[in-house]
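Consider the two complexes below, in which subunit A is the common component and subunit B and subunit C are the respective partners.
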Partner chain A sequence: MNMTVAAIFKKDWLGLLIVVLVSGLVIAAVKPAFLSPFNLYVLMVSTSYMLIIALAQMIIIAIGQMNLSVGAIGGLVAISFSGLMEVHQISVPVAVLSGLVIGIACGFLNGYITVKSGISAFIITLATLYIFKGINLGITEAEPFYNIPENVKNFGNAKIGNTPIPFLLIIPIIITILMWVFINRTETGRHMLAYGNSVQSAELMGISSSKVVITAHIISGFLAAIAGMLVVCRLQLGTPNIGDSWLLPSFAAPVIGGAILAGGKVDVIATALGVLIVAIISQALVIFKIDPFFVQIFLGVMILLAVFVNRYREYKQEVRRKIFSSE
Partner chain B sequence: MSEFCLEISAANKSFPGVKALDKASFRLRKGSIHALLGENGAGKSTLIKIITGVHRQDSGTLFINGKEETLNNPNDATKFGISVVHQERNLIRRFSVGENLMLNNLPKTVLGLIDYDEIAIQSKKWLEIMDLDIDPNTVVSELTVAKMQLCEIAKALSLKAKILLLDEPTSSLSPKEAENLFSLLRKIVRDEGVSIVFVSHKLEEVFNICDDVTVLRDGQNACTSENIKNLDRKKLVRLMIGRDEQIVKSTRKTDKIKDTVLALNKVKTELGHENINLELARSEIMGLYGLVGAGRTELVKCLIGLEKIIEGDVIINGKKTAIDSPKSALEKFKIGYISEDRKKEGLILIHNVLDNTSITVWSQIKKAAGLVTDGMIANKVDPYIRKLEVKTPSNYQIISNLSGGNQQKISVAKWLAAGTDILIIDEPTVGIDIKTKAYLHELILNLADNGTSIILISSDMPEMISLADRIVVMKDFKVNGIVENDRDYDVVSSKIMEFIHS
Partner chain C sequence: MNKKLPNFIFTNQFGLLFLVLIFIVIFSTVTDGFTSRFNIFALSRVIAIDIMIGLAMMVVILTGGLNLALGAIGVCAAMFGGWCMEVLGIPIVPALLLTLGMGSLLGLVNGIITVKTGVHSFIVTLATMSIYFGFMTMLTEAEAFRRLPDLFTDFGSAKLFNKYVSPLLLVSVATCFILFYLFRFTDIGRKLIAAGANPEAAEVSGISVSRMFIYCHALSGFLGALAAILLTTRIGAAIPSMAGQLGMDWLLPAFLAPVIGGTLLSGGKLSVFGTMLGAVLVTLLTNGLYLLDVGEFWIRFFLGIILLLAVLLDRAREYLTLKNVIVS
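What follows is the complex of A and B.
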């Protein structure tokens, strides 16, 4: 496909990229400390796992559903990962693998029950949220695991060479690229979007809805698991409340990135920029020593703005279509 | 090889409580266009579902190219080259045309990733067969309805369809678009070796394009694969309804038509209507006729306050008024609007009969505390549900389970219950069988005789001429002319056509 300049201008992410660049430059001009290595490091660390959490929700939004249990899966994986290493002395690679398996199993459960019951994923994942969280609390008795192996801790603190870039960021970047390819260039990814656009049409075209839905939930669980383990690396401990605060931000970034909750429209790059915008705003408010409650207000305004912009775009497209039709 | 590419003999199919098909037979000649006709509920849909593998017949045999076959699911049907173009548009609107065409079999690069260039090349071929001069990269939502439909047919052809089922393909096309569709259908029958099953309520189309006709009535064959040359319109109608078509005789007493209730004076709207002058009298049926896109539905939407009128006067019962919403249109001025799109705008499909019928009267019957009980509702609306002979097991049946004709009756009943003075009826009989249609016609005439003023929008010329007292011809959001209707079909229709083409 030839990417012409006009095509780039049509992309959802262009406006967001401008927002990121402009806000970054403005903040840096007023407060040069914004670009200090330490500050950039903090910014990138918080972006790293939020990016994966946002993608975990985005893939479910793509099929027109919601996953309320992203945080609960992440939390369960986080404490399993750290508990296996601390209590059972299991090696790091096996612990990572076990964490991924647990995430995939949780996602499969969400998808399988949704497909078999025909009940909305909103309800199913609301139920599994409590189940996963309950298991989490049962295992930990609300106590964190403190004895994380040194190499895991080091990974959480490491930077690439002399740059302020955290090692932690590598995984989310790889995952973002893979997700872009998956959504835009693979048959399963396209079938998911088709399903999100219209369940009925997709089924009539011979797309298997159970395959699409279960796959999406498995990917979501898998990503939530990775995010959970990254947070353990970052915090240097496995606390049972990891994941508790993920839910709303997981929707914020895809929505800022132009995703439609009814399904069928998501954009990986725009979602990533959405994460970045949220991080920049939070960071800027810290630098300017503004009360933290403003972060919330800002976030709310951002979401409203994003939704209005999308509405306006769709309206313009509709008008264009009407002009076409009356020819 | 058999002369028939598809043959069904003596198929029976029962659903709990209904015998949908009773020894129904059907033979599709290779390279022919075959009309499948029948009223709503005659068994057409069931037969189509058997052909497409959605249902299986209880007994009876199905032959494809002379060989007995069993279709267990829609995929089996696809394998035998059977493809349906559904009434509802079934493309993925946010995807490109090319991707929609190839979605079942996306071409891939060596890495296993989707090859969009190849999609464009491969899909172009099928678009060209359908004379569609569109870039395969165009997003479907930017196409007109007519082009979307052609894309669907192109998609079916790309799946190597040899038997194509078209379910009311022209219901949302303009006459010109329909004519274009027909010439393309003839072309693919000739060049691509496709055979077509054509379902329609419009008999003109059947005579225009079909070679053979099968008529179902109450699940049985009223005629089986008859050559169209042996039939005329009258015979066909008799086969479908078991008696002659009822021409609504004009028993209108025009002396009742007096006193202007509604007048539009030099109205200009946000949507682009210019200089609209109209007068509607009590008891009058005023028709709005025009081609698709003439601005008729848009005009009445401005009138009831859904869109804005920016210049000119709306005068109701002699008083200049401004209607700002459908709510005030109903409550202050007693104007009701029966939408052409009953599924999207007329009914709440997941609610029951009672709730749908009573939605317009809640505000009239609520008690002091603003509460409404089922009993109060039933008292108010039940007479109308009965009057319209709505076929429903109970008033608590969910609307989406009723047939199209009965759904339309509910959307009419709702406004009867509301007791409107001016009723706007938009395409009341699209997709409705002949019997219900005749019934609705009588109802509209009755309403007018009893003092309701009616604005009727219809693209069905016979319907227009049998109902309207005056016919306003619209074109390009303007009034092109007004025809006094003396119900002489030939004279009036030619006058209308003159205005449309002037």
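What follows is the complex of A and C.
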């Protein structure tokens, strides 16, 4: 018992959990409306797809790269998914499957070009961002698809029983658990972290760069695809601008969760808590009727703060290491 | 002779100039109106702005970093300038100086945070992009400044050289020459390049790398503000959405021009005239594709493909020159 308590105290995400609880309690104390079923529902809905968007970026941060095209993949999948159902009358499961295949293909393209060319993922995904977004706009001519099948719409609105818990939250929670298992308990996941830590030593250990990089990008594309389709369910329509605003939040949550952008250090639980912190505070700003543009400023400030805190922690670890090594 | 020729052909500027000429020939034969006076004038205005945006990103790429906040800085500076002229009634010249000062200041903040935290400039400028843009939207309430002094907006619609060329292009070309002089012939310019090429070696040889990096970010902000001023005179108003959501519409031209122009993303190597030719090439292509009726929506797709091809070609050229070196 004591052992587990001690183990929990050692976790990086403990501080974040405290931030989540304290901020939740403080806001609820000032504005009891914060805990109203409707508000909790809205909070959980926005958490649901942001969770997947954050994980889509996190897996790329894990290997020390970045993926600017997460939003563009999500948008392309969202309009393909809704377009297939509306224009081509394709059944929902097949449309979902096609969406996932498109996401995986986009991710594969990112990973393949990055690893084969040796060019930084930043510039490759900047290019593919415009390619995917261009295809999206070329197909839709900036017109949304409005006629989404009823069962898809219902899925986006449904709640579990009489609770305020949205159905939409189920898939993200399953995915978060799977991602935790993947990163912490599988060989490929471990290899990704090793690769993110040091490309050279990973290669010396016999880890295949192309396998690691391509797998990570495929997972990222796959998750972006799911997020895109969830947003369609939520909005009840497929608009071409889905994904346009994902860039900032996709980095905010992992960075707030302590991910180091140089790679090799990410934490699924901390990222999930990062999403929750962003969601709670954004929601609070709405409740307190603060200018919506302030949310943007706030997100930026949060990222900078997280960067400073991470930096400070690294510094303290370095100091501790120096003390030990001098003994 | 045989060995020299390929080397010359493989230089970036030559290749670019060649491509620019090819595309001019193609577009003027295939499309109607490419060589019309109106189109050339319109092109010269767009090229002027794209060159400036490209230069602004180039000076940060020199440090091995990047500046996602470039568009946000540009818009913030332009809105500040518009406010100075329209609301405060400050005369044009001091107002423009204030605008440039604002851009440099915002760039300076990026530089200081990047250097002090040691975090990659990507994440720092991602954060400041949203902070700058958020503050700008809040302060302006997303309203444009449309009543700018006539003299200022006339500059953007003025026509030179038998009405073919916009004076905006002269500003950009002059800036290219000044930057070329700065990086090639001045002490500080060489220090900036040395700091980007090999920070450790530069530090050992007595250059304050942090200070150089901060200068690069401030210069980027300055050039971003200059680009925004050109854009404002072209539109005739300072509009919060003139660079898109969070100013991110500038990102593609910002990276395309320097990358096509041979600036190394890992830092330490830049080409001012390469960036200029890169911007010319990209603008020509976009304009030609429009005239070919490719459709507004597919343009982004093609620009993405062009960026991809540019970096892949750059890679191939690097590989080929490396092979040449080994063979000889």
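Here is the rule we use: the second predicted complex is superposed on the first by the 320 of 327 C-alpha atoms of A that agree within 3 Å, B and C clash if a C-alpha of one lies under 4 Å from a C-alpha of the other, contacts with A are read in each partner's own complex, and residues count from 1 in each chain.
The working rule: a residue touches a chain if its C-beta (ideal position, glycine included) is under 8 Å from a C-beta of that chain, and two chains touch if they have at least 3 such contacts.
Just so it is clear, the structure is predicted and the values come from calculations on it, not from any experiment.
J.: Pick one for A:T163: touches subunit B only (first), subunit C only (second), both, or neither.
T.: In the superposition, A:T163 contacts neither subunit B nor subunit C.
J.: Quick check for you: in the superposed arrangement, does A:A127 touch first (subunit B), second (subunit C), both or neither?
T.: Second partner only, subunit C.
J.: Quick check on the superposed pair: does A:N147 touch subunit B, subunit C, both, or neither? Answer first, second, both or neither.
T.: Neither: A:N147 stays clear of subunit B and subunit C.
J.: Looking at subunit A, does subunit C or subunit B touch more of its residues?
T.: C
J.: Name the contact category of A:R185: first (subunit B only), second (subunit C only), both, or neither.
T.: After superposition on chain A, A:R185 lies in contact with subunit B alone.
J.: On the A-aligned overlay, A:Q296 touches which partner chain: subunit B = first, subunit C = second, or both, or neither?
T.: It touches subunit C, and subunit B stays clear.
J.: Using the superposition on chain A described above, determine whether A:M66 touches subunit B (first), subunit C (second), both, or neither.
T.: So A:M66 only meets subunit C here.
J.: List the residues on subunit A that touch subunit B in their complex, please.
T.: Touch residues, subunit A against subunit B: 1, 181, 184-187, 190-191, 193-194, 197-198, 200-202, 204-207, 264-265, 317, 320-321, 324-326.
J.: Hey, which residues of subunit B end up touching subunit A in the complex?
T.: Contact set of subunit B toward subunit A: 74-75, 78, 86, 88, 90-95, 99, 103-104, 106, 108, 112-114, 116-117, 137, 141-145, 293.
J.: What residues on subunit C touch subunit A, complex-wise?
T.: So the residues of subunit C touching subunit A come out as 66, 113, 117-120, 122-124, 126-131, 133-135, 137-138, 245-246, 248, 251-252, 255, 259, 265-266, 295, 297-305, 307-308, 311-312, 315.
J.: Would you pull the subunit A residues touching subunit C in the complex into a rising list?
T.: Where subunit A meets subunit C, its residues are 66, 113, 117-120, 122-124, 126-135, 137-138, 141-142, 244-245, 247-248, 251, 255, 261-262, 291, 293-301, 303-304, 307-308, 310-311.
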